[in-house]
Amino acid sequence: MSSKYKELQRECYEANMQLEELKLVVYTFGNVSAVDRTEGIFAIKPSGVPYKDLKPKDMVILDYDANLVEGKLRPSSDTKTHAYLYKHWEDIGGVAHTHAMYSVAWAQAQLDIPIFGTTHADHLTSDIPCAQPMSDELIQGNYEYNTGIQILDCFKEKNLSHLETEMILIGNHGPFTWGKNADKAVYNSKVLETVAEMAYLTRQINPLAPRLKDSLIKKHYERKHGKDAYYGQ
Amino acid sequence: MSSKYKELQRECYEANMQLEELKLVVYTFGNVSAVDRTEGIFAIKPSGVPYKDLKPKDMVILDYDANLVEGKLRPSSDTKTHAYLYKHWEDIGGVAHTHAMYSVAWAQAQLDIPIFGTTHADHLTSDIPCAQPMSDELIQGNYEYNTGIQILDCFKEKNLSHLETEMILIGNHGPFTWGKNADKAVYNSKVLETVAEMAYLTRQINPLAPRLKDSLIKKHYERKHGKDAYYGQ
Amino acid sequence: MSSKYKELQRECYEANMQLEELKLVVYTFGNVSAVDRTEGIFAIKPSGVPYKDLKPKDMVILDYDANLVEGKLRPSSDTKTHAYLYKHWEDIGGVAHTHAMYSVAWAQAQLDIPIFGTTHADHLTSDIPCAQPMSDELIQGNYEYNTGIQILDCFKEKNLSHLETEMILIGNHGPFTWGKNADKAVYNSKVLETVAEMAYLTRQINPLAPRLKDSLIKKHYERKHGKDAYYGQ
Amino acid sequence: MSSKYKELQRECYEANMQLEELKLVVYTFGNVSAVDRTEGIFAIKPSGVPYKDLKPKDMVILDYDANLVEGKLRPSSDTKTHAYLYKHWEDIGGVAHTHAMYSVAWAQAQLDIPIFGTTHADHLTSDIPCAQPMSDELIQGNYEYNTGIQILDCFKEKNLSHLETEMILIGNHGPFTWGKNADKAVYNSKVLETVAEMAYLTRQINPLAPRLKDSLIKKHYERKHGKDAYYGQ
């Protein structure tokens, strides 16, 4: 008998499989989820299952408090962070987390990724924020839930909108990205990794490379996302 | 009913597909065009269409003022820059633009790529120029058209010939390359990316690495492009 | 007539073939072994045979003193190191050795790999130790056997447990990893290479990047390996 | 009617095709030759022909003074350097030249590659020499022939044996390697590129990384090449 969440599970499965094709993960070091806002539930990759063994029906279904709704396998260990984001940002449809190389390197360096060029500005107008590691109390407590809090706090502190900046680095850990659906969340993970590598190389070549000037930030973002956008179909 | 531009569309399509094979693009971050000098038009990739969905007939046909001649899809957002180059450099047959990693890194570092070796000298005798970002006025105006102006101004200022130096970096953005046809423009994008990575590594190993000496620049360029060239068939 | 070690040879063969798929070796620069604790023997890759020519039955069988038990080919030149580890660490089931790029680079730099992030902490709580090169007397003596001594000495000196830290760098040489079986040993080689690259990039971005704080080290290790682990199935 | 050099052409062809599989070349930036000592001739790749179009019979046959013996295509532009090496080193059977990334970077940095580890020592006991750029007079003269002189001069100056050190970097240009046959010459190009990348990373991690100590150099070289060698079959 097939799950009533079959379509959602397929969307979630396909987004997870993209992580490997896009070279954003080794082994099982990543996870993507997709939400169904009508049902109030989301699907997420099970924990520690090799990509070659994954099937759409293995995707675990949970509510926004991370209670199990359907599924035989244990969900990703980062599930509570996904749940927290769905609960508090009602307008996102997918979340992705990876340990992609250059994204992790910036997270481990505990630095925001400066906006150096138009590849970055085509997607967001701010630096890519790096949330500083949380306090020991929060780590020892409900850690993954608290990672959700950490993300929202960082956005509040830096005065960022999660609809304009769809990505963050968790200091010493790695990237979380999101978007209108799971596919877009994965896309943002790849964009982040690409921009992270470009910024890395830029600073190696010229440690004093300046940030992109405001007029270029605005122009590139507007031509893709503004009301008179002329990028894409 | 088939387009009268079918052959040109195929040339343009095949050149665009090479960008992905040569690992010069992720997603749709690049575009190639091909010109028909008799008809006074050029074909260019549509904006934001994934490579796997592209078909030769999707290539958009425009004139040198970037007016639409034929096509159902919106052309690349960089179309006006291509048009400007075709209009002012009457002896080029193809133009390519990518966000390839090392080319972008040098562009973001706002530095010319020094001629460090014979791989570079086999293709051009000058450093690879990096055009400084344009003024805010030009950015806020007809941006992509002005990028064309920016390219020609840079060549004038540095006293370069576009027939000898078939590539440029736009500061904070990325590379444009060109050539006698679309295939050669793509070839030059790959050469530029290769030389950009070699120069990056060279300076990491030895920050004081000297430029290639004049006699070697001349020898390598002449053996491939001089009147007694003995490179190639 | 088939070997009584057929199953073990297959396990060993498949683990060796993974080295190439995981891009941990070029040519034959690596070797994996698998032990049979009941029989008191282990299987190891023959020396210098290209991966494409390897067959399961080529795996050489030896005892813990590196005496030949079965096999027509010469065993890996590092065989005595494997034997030493099996003899002295009775609870390991597989050993792997590679010349993977970033692992070797840290070994050649003669530095421990600092624990910078959760990718590292998901697998071990210590820095990845780098054993200093051995004395000239030991090198000129029974070199590969002495490499085994060098590994155990390093663990004793640094007060590490080989069950918690399943990997080491041999200064100026490269990595050895181990685990409950050959598959896990190879997995650890890939984890080490990944962490080595991340740590490399981290220090290039921020030479003063701090080590991961203790509470995060503990949390990530416990969620994967502690008694209430919730990572994996 | 088939060439009497058919076997040699096949050896040469297959060695050239390996350059691409081993990711040592882009486009046609490399060439391999193979010698027939009985006939006093060698086969070499034609100049500028894409790898996908190459056929064994396209390999050009020349004598040690680079006179054409058989072939319809123009030989590699580096042919006279190959010829010079065959003429003066009567015990080599193959020569390879590439523009591989890390090898070229060290050549452009004009530095010898220090022997940092056992991967290097498994193949040669010296640093990998970098020949300084030749004088303007020699460049303007018979350039490729003079590159041969430059190689032999460098070996004489540094007191190296071409049978023990089967590779060199030409300053500002790139690597030449050789060996008992074309296959071994290509193998040495891959070893050089691997060691070049390892040495690059090593110095980035630790600019003060020491050279490998003499006892380890000797041990690793002897176990692979000494009279009691126990590496390989």
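Letters A, B, C and D mark the chains in the order given here, with residues in each chain numbered from 1 onward.
The working rule: a contact is a pair of C-beta atoms (placed from the backbone, for glycine too) under 8 Å apart; a residue touches a chain by one contact, two chains touch by 3 or more.
Chain identities (UniProt): A, B, C, D = L-ribulose-5-phosphate 4-epimerase.
Bear in mind that the values here come from a model prediction, so they are computed numbers and not experimental data.
Averaged C-alpha coordinates give centres for subunit C and subunit D that are 33 Å from one another. Measuring from the averaged C-alpha position of subunit A to that of subunit D gives a distance of 46 Å.
Shown for subunit D are the residues that touch two or more other chains, namely 204.
Chain-to-chain contact here is organised cyclically: the chains close a single ring, every chain touching exactly two others. Annotation, chain-chain contacts: A-B, A-C, B-D, C-D (touch as defined at the top). By the touch criterion given at the top, residues 26-27, 29, 46-49, 73-74, 77, 99, 101-102, 104-111, 133, 136, 139-140, 143, 172-174, 200, 203-204 of subunit A touch subunit C in their complex. Within the complex, the subunit C residues that touch subunit A are 116-119, 187, 190, 194, 197-199, 201-202, 204-206, 209-210, 212-213, 215-216, 219, 223-224, 230-233.
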